[in-house]
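The structure under discussion appears below in the form of structure tokens.
Chains: A, B, C, D, E and F, in written order; residue numbering restarts at 1 for each.
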Amino acid sequence: IEQMQVRDSLRMYNTLVERCFKDCVESFRRKDLDATEEKCVQSCCSKFMKHSARVGIRFGELSSEAETQMQQMMAGQQAGGGK
Amino acid sequence: IEQMQVRDSLRMYNTLVERCFKDCVESFRRKDLDATEEKCVQSCCSKFMKHSARVGIRFGELSSEAETQMQQMMAGQQAGGGK
Amino acid sequence: IEQMQVRDSLRMYNTLVERCFKDCVESFRRKDLDATEEKCVQSCCSKFMKHSARVGIRFGELSSEAETQMQQMMAGQQAGGGK
Amino acid sequence: MAQQGGQDPAAAIEMAKQEMDYRVALFNAMVSSCYEKCIDKRYKDGELSVGENSCIDRCSSKYWQVTGIVGQMLGSQGGMH
Amino acid sequence: MAQQGGQDPAAAIEMAKQEMDYRVALFNAMVSSCYEKCIDKRYKDGELSVGENSCIDRCSSKYWQVTGIVGQMLGSQGGMH
Amino acid sequence: MAQQGGQDPAAAIEMAKQEMDYRVALFNAMVSSCYEKCIDKRYKDGELSVGENSCIDRCSSKYWQVTGIVGQMLGSQGGMH
């Protein structure tokens, strides 16, 4: 489990780097990021993390709704099966 | 092997969901899919599965052709090597 | 380690095939590659391998720079911690 | 009982691991799909706008519904069990 | 004989597993690449048209040929063995 | 000392393996990101032009800097350790 968390945070890290680099860095006239690019990468990171957290909350809600429905359905089937 | 099949069918499931969501769902004014979106997802799934099956057949043919060629080549090399 | 190298060269192989197919093959009127497509795939492969090698060199340089900096920082912290 | 209630504990652990992997993959796909659909890529600041937030909620809900439809379609073809 | 006919059965199994993984990855890449190239994304219905079907056949064939060229290119550089 | 200097050798090997995997993933992502940004896809020949070569160098450097910024951002949120 711990290892999965490490793996997932590394995965998120890589995803963030790829995405924010792609969206923020367009010019290759210099070898260092300029202030605008740096700021963009920070905003991109921040937005992605907030986005990911919000999807996480919704995902949790949807999962537990689905589980409840599943249990009701199975209970219904068992009752039906006993007829 | 059984586990690989489970893994692959889960992989296909995820691929299908991602692709059909991307191609079919454009509007986020409501929280439920409308009839057009639902129909689109169904057609998308159906097309993807048929596509995947057809590629599978071709892949099998090409693989066995290649294997035959390989065997002929190796047989040829061995004969050549014995000269 | 050896297995990782095999895995990585297979990964690179797949990446190359996907990319060069995508960039070079546009027409499906025939079932065989024409001379232009074949030439394009070869150039694409060659460019990708050279690109990948160059990024590899830079990656090595950047990694060892970072390691040196890290060691200096840790040495600095230890000295600071001993105050 | 047959396949599901298998007696082999190693297989059960493997099953649970795959279930977990699948949920992680589903979540990650939902994150990137909804990011593509909802987020303004100009990155003026690091906050989500009101519009982005409500788009994320609806997108998550619709994405989930798509998993349901796809599951049914695959199930009806014997692709899943 | 050296590397190929190795005596270690675990290594042989691992080798076979990688060969299998590679074929699965190749097939999956072929599926998505040809989907991109051949399929009309308007999804009016769930059937493949005649044009799509013949495109799939040619695409599969061309994709396979590309694997051959790439294999030769990598092989000539000592990248593969 | 706690977590980092763990006594369990299996965990240490696993840690090293993950570190390695991470570096490989980082390198692969850098290769494709810079390929997208720098390489002319018309493939007139198999050589990299002067412009492409210098773009690759700058791109690698900027990509590396982005990993630094992202690392800091994740670290400050307790997302990494």
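In this section, contacts are C-beta pairs under 8 Å (C-beta built on N, C-alpha and C of every residue); 3 or more make two chains touch, one makes a residue touch a chain.
The shown structure was predicted, so the numbers you read here are calculated from the model rather than taken from an experiment.
Engineer: In this assembly, which chains make contact with subunit A and also with subunit F?
Structural biologist: none
Engineer: Just to be sure I understand the contacts, which chains border both subunit C and subunit B?
Structural biologist: In this structure, the chains that contact subunit C and also subunit B are E.
Engineer: Centre-to-centre on C-alpha atoms, which chain is most distant from subunit D?
Structural biologist: C
Engineer: C-E versus A-D: which interface comes out with more C-beta contact pairs?
Structural biologist: C-E
Engineer: Using mean CA coordinates as chain centres, what's the gap between subunit C and subunit F in Å?
Structural biologist: 10
Engineer: What is the distance in Å between the mean C-alpha positions of subunit A and subunit B?
Structural biologist: Result: the chain centres lie 26 Å from each other.
Engineer: How far is the middle of subunit E from the middle of subunit F, if each middle is the mean of its Cα atoms, in Å?
Structural biologist: That gives a centre separation of 27 Å.
Engineer: Where in subunit F do residues touch two or more of the other chains?
Structural biologist: If we look for residues of subunit F contacting two or more partner chains, we find 38, 57, 61.
Engineer: If you look at subunit A, which of its residues touch at least two other chains?
Structural biologist: Counting only residues that touch two or more other chains, subunit A contributes 24, 42, 45-46.
Engineer: From the touch relation defined up front, give the order of chains around the ring, starting at subunit C and going on to subunit E.
Structural biologist: Here the ring, read from subunit C toward subunit E, comes out as C, E, B, D, A, F.
Engineer: Which of the residues in subunit F come into contact with subunit A in the complex?
Structural biologist: Its residues touching subunit A are 14, 18, 21-22, 25-26, 29, 33, 36-38, 54-55, 57-59, 61-63, 65-67, 69-71, 73-74, 77, 79-80.
Engineer: Using the touch definition from the top, list the residues of subunit A that touch subunit D in their complex.
Structural biologist: 4, 8, 11, 15, 19, 23-24, 40, 42-48, 50-52, 54-56, 58-59, 62-63, 66
Engineer: In the complex formed with subunit E, which residues of subunit C make contact?
Structural biologist: 3, 6-7, 9-10, 12-14, 16-18, 20-22, 24-26, 28-33, 37-38, 41-42, 45-46, 49
Engineer: Provide the residue numbers of subunit F that touch subunit C in the complex, in ascending order.
Structural biologist: 20, 23-24, 27-28, 30-32, 34-35, 38-39, 41, 43-48, 52-53, 56-57, 60-61, 64
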